[in-house]
Amino acid sequence: MSKLRVAVLGAKGRIGSEAARAVEAAEDLELVAALDQHDTLETLTASGAQVAVDLTHPDSVMGNLDFCVGHGIHAVVGTTGWNDERLARLTSWLEASPETGVLVAPNFSIGAVLTMKFSQSAARYFESVEVIELHHPNKADAPSGTAGRTAQLIAAARQEAQLPPQPDATVTGLEGARGADVDGVRVHSVRLRGLLAHQEVIFGGEGETLTVRHDSLHHSSFMPGILLGVRRVVSTPGLTYGLEHFLDLS
Amino acid sequence: MSKLRVAVLGAKGRIGSEAARAVEAAEDLELVAALDQHDTLETLTASGAQVAVDLTHPDSVMGNLDFCVGHGIHAVVGTTGWNDERLARLTSWLEASPETGVLVAPNFSIGAVLTMKFSQSAARYFESVEVIELHHPNKADAPSGTAGRTAQLIAAARQEAQLPPQPDATVTGLEGARGADVDGVRVHSVRLRGLLAHQEVIFGGEGETLTVRHDSLHHSSFMPGILLGVRRVVSTPGLTYGLEHFLDLS
Amino acid sequence: MSKLRVAVLGAKGRIGSEAARAVEAAEDLELVAALDQHDTLETLTASGAQVAVDLTHPDSVMGNLDFCVGHGIHAVVGTTGWNDERLARLTSWLEASPETGVLVAPNFSIGAVLTMKFSQSAARYFESVEVIELHHPNKADAPSGTAGRTAQLIAAARQEAQLPPQPDATVTGLEGARGADVDGVRVHSVRLRGLLAHQEVIFGGEGETLTVRHDSLHHSSFMPGILLGVRRVVSTPGLTYGLEHFLDLS
Amino acid sequence: MSKLRVAVLGAKGRIGSEAARAVEAAEDLELVAALDQHDTLETLTASGAQVAVDLTHPDSVMGNLDFCVGHGIHAVVGTTGWNDERLARLTSWLEASPETGVLVAPNFSIGAVLTMKFSQSAARYFESVEVIELHHPNKADAPSGTAGRTAQLIAAARQEAQLPPQPDATVTGLEGARGADVDGVRVHSVRLRGLLAHQEVIFGGEGETLTVRHDSLHHSSFMPGILLGVRRVVSTPGLTYGLEHFLDLS
């Protein structure tokens, strides 16, 4: 079986260089181009790349995708900075190239994606649920984007199941003790030296609790998700937003 | 809306008496009969029960179900002692009463069922996985039935995804340190005073781990699953084996 | 060896009745009296009690102790409502009866006491530390008294070791996400159906974390501490405040 | 205040190079020499080093220490390969240089040392205790040396307190499920991709559990212990074996 021909854009960055190594190490993939910001996009066509992995910058990604889609090169995109307008533009390019697929994902860690997915599934079955996220103390935002998004998904699932508000008899307390309120779901942010990125979702019902916890110990945790995206995007025309659509979760 | 009329068989037992109370407390259910071993099954028909919850004994359950199915009364069964022969017999009764539904479930804890379900879903995405179950020290078997079953489901999912055996460089060690081998998945059994029933499934991949943990702190944890079964079984003709089929896990 | 003769005051209360049973079950102890609020304190002397366990009410405890100390009966006190004035009064009674011992303890759970003790010991060795407490949703205060006290002890130990403030780069966030600030130590309060009383202290340093966690799953967890108090108080004249003084923690 | 003058031996190794950087970064320490295997020991005296950190090899460490002690240079030793004979030889050298101090430690992670210490302290107060250690799958031994040592310390503390054997009603089971038996304490070894080095000691008593957990996420976790050793060894003449002696654990 011939290998899938893959290019990495942003190959000198921290994540990009790891992605290039991961493609090289995969038996079914071939790294045919590793572009930095000074390289010309024609390298992609010249190298015969079938899939481009974009790990560049919000300033570059739209130009890169315009070129890729225009030339029928599938793309897996970890670059940030997406909004509705950008997604609409990308969609219109894909309509003009109906056999090309693009995966845009805010998080390539399979563990993080599964944590969100399982939390959504479990939400309707428990009276109580709270989210605890734990990160290194250099993080500027609290709660983390992933924790906020997880809480929103849980809140939406509770609402769809017509669950009442969560029980909470707190009448006296110190400010902040009960965490931040995200659509009725409490989120707690812990910051400790020694940690990287961790999240725990705890559901509580009569006599039992269910906990889903994700521990990210190294940035290499994005690689399996990127490789999964590369393998799947070639047979998934159009725009896919979010890695969860490539996980078969029955 | 009229309430669903529910009978409890085995209503003087530990779980049965809790179930009777739980039915009484539910706004959409009405407890119309609470039978002990000395009561006659005709009480079921006399009370107009639509659903019977059987929490009795392996010696009584088949007679009870023969009567229920014969009279078009749906049933939710937590009594143990099921095997292929018994299930076949129950199925044949149900064929003769095609509008009647029976749910037989080895575990009514929603948390335990979700733990198994999520473990199956996650299995194909991680290189490594082990199961740790923790129980009170009066438990006679190790590993627990639930842990053994969870490991088998994970092993089957790994095989279906054609994953290789798990990495393990252990060359020297004390006997038993690496746990029990269930179809290639290691299972560890902890026994400690103070615990009730707990299970942790830990998945490990490049740079990350995903943990699904269920803590059962009280036997009341079976009640939400029993009530869910009661509400669903009336519109699910035939035999359903396992509470997971009544959870909408998309 | 003759058994130690023990009386329980408040023996019809929830904790008191458990304590009476625990004394009866202990091989080295003999339950010689179990008093309710209607019983006369002379029963204590008549029964030859050497130690009284007081699990009554703030309104009764001072009268009970006045009688006990006056008659040379040692006491183990779990009743709440202590303040400086009450402790001073008790101390003056004990000065007049120099061979009698009284243990007053706000928490008889050995696990809770060890968690505080270990947290104090570890505090000086880590750059970061936060406290997470998790309780049932009927609890009125947040954070719990034990969590607040633990944070204060940690803060005092950090100050004594002249540690700088904890690192925290948070600049944007939702209100409450970073928890309550107790003397510079962040405390997070989780409320979930299914839980009883749980506390986790997480220390973080360069490349590592240390976690001390206490899970209280049943009120019977107070019994071993009460029995330990009974056995030790007979050879510890004067007032002892806090069970930790009876734990040999070298 | 003048800075303490520190040399690092083995400064090109993985841990050694981190130690050199950590010394340079500490405000109260000055890195005066960083020796590799080709450098001569006279560099130590020429640089005026007061403390040498030895992170070399079992083949080199005795020669290095002979030189250091002979020249009144204190030493902090993380190199492995110690046995009774080597320790006796080192002790005799120190007797001839009574003002010099040497710290030899099998583990410089403060978290690991505290976990062992707290486990020893708690052991006598709980009916049950088990150890779970979790490591990356490339580890050759199971259980880990630290887990085995922790279990031995716990077993010794239980014996000293004359505790009976742990309760365990297991009668049927799969081989290995209950872990390895280390002096009556069960030890479970988990191996998962994504982990580094983690250990959990769980104590169980009536109605409660106490957990002490150490997570090592990066090898940099040894640095604070090494720096602590450097600062303390200059005022601790003679041989100190184990970092725990430099932690003030009251």
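Here the chain labels run A, B, C and D in written order, and each chain numbers its own residues starting at 1.
We adopt the following convention: a residue touches a chain if its C-beta (ideal position, glycine included) is under 8 Å from a C-beta of that chain, and two chains touch if they have at least 3 such contacts.
In this text, all values refer to a predicted model and were calculated from it rather than measured experimentally.
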*If every step must land on a chain the current one touches, say how few steps get you from subunit A to subunit C.*
1
*Same or different: at the subunit B/subunit C interface, is the fraction of residue numbers used by both copies above or below half?*
same
_Of all other chains, the one whose Cα centre sits farthest from subunit D_ = B
*asked:* For subunit C versus subunit D, what separation do you get between their C-alpha means, in angstrom?
replied: 34
*Quick one: report the Å distance separating subunit A from subunit D, using the average Cα coordinate of each chain.*
39
*Between subunit D and subunit B, distance of the C-alpha-averaged centres to the nearest whole Å*: 46
*asked:* Show the residues in subunit C shared as contacts by 2 or more other chains, in ascending order.
replied: 126, 194-195, 203, 205-209, 215, 217-218, 221
*Complex contacts: residues of subunit D adjacent to subunit B*: 126-130, 132, 134, 137-143, 148, 166-182, 186-195, 202-209
*Contact footprint of subunit D on subunit A as seen in their complex*: 194-196, 215, 217-218, 221
*Which residues of subunit D touch subunit C in the complex?*
109-112, 114-115, 118, 121-122, 124-126, 203, 205-224, 247-250
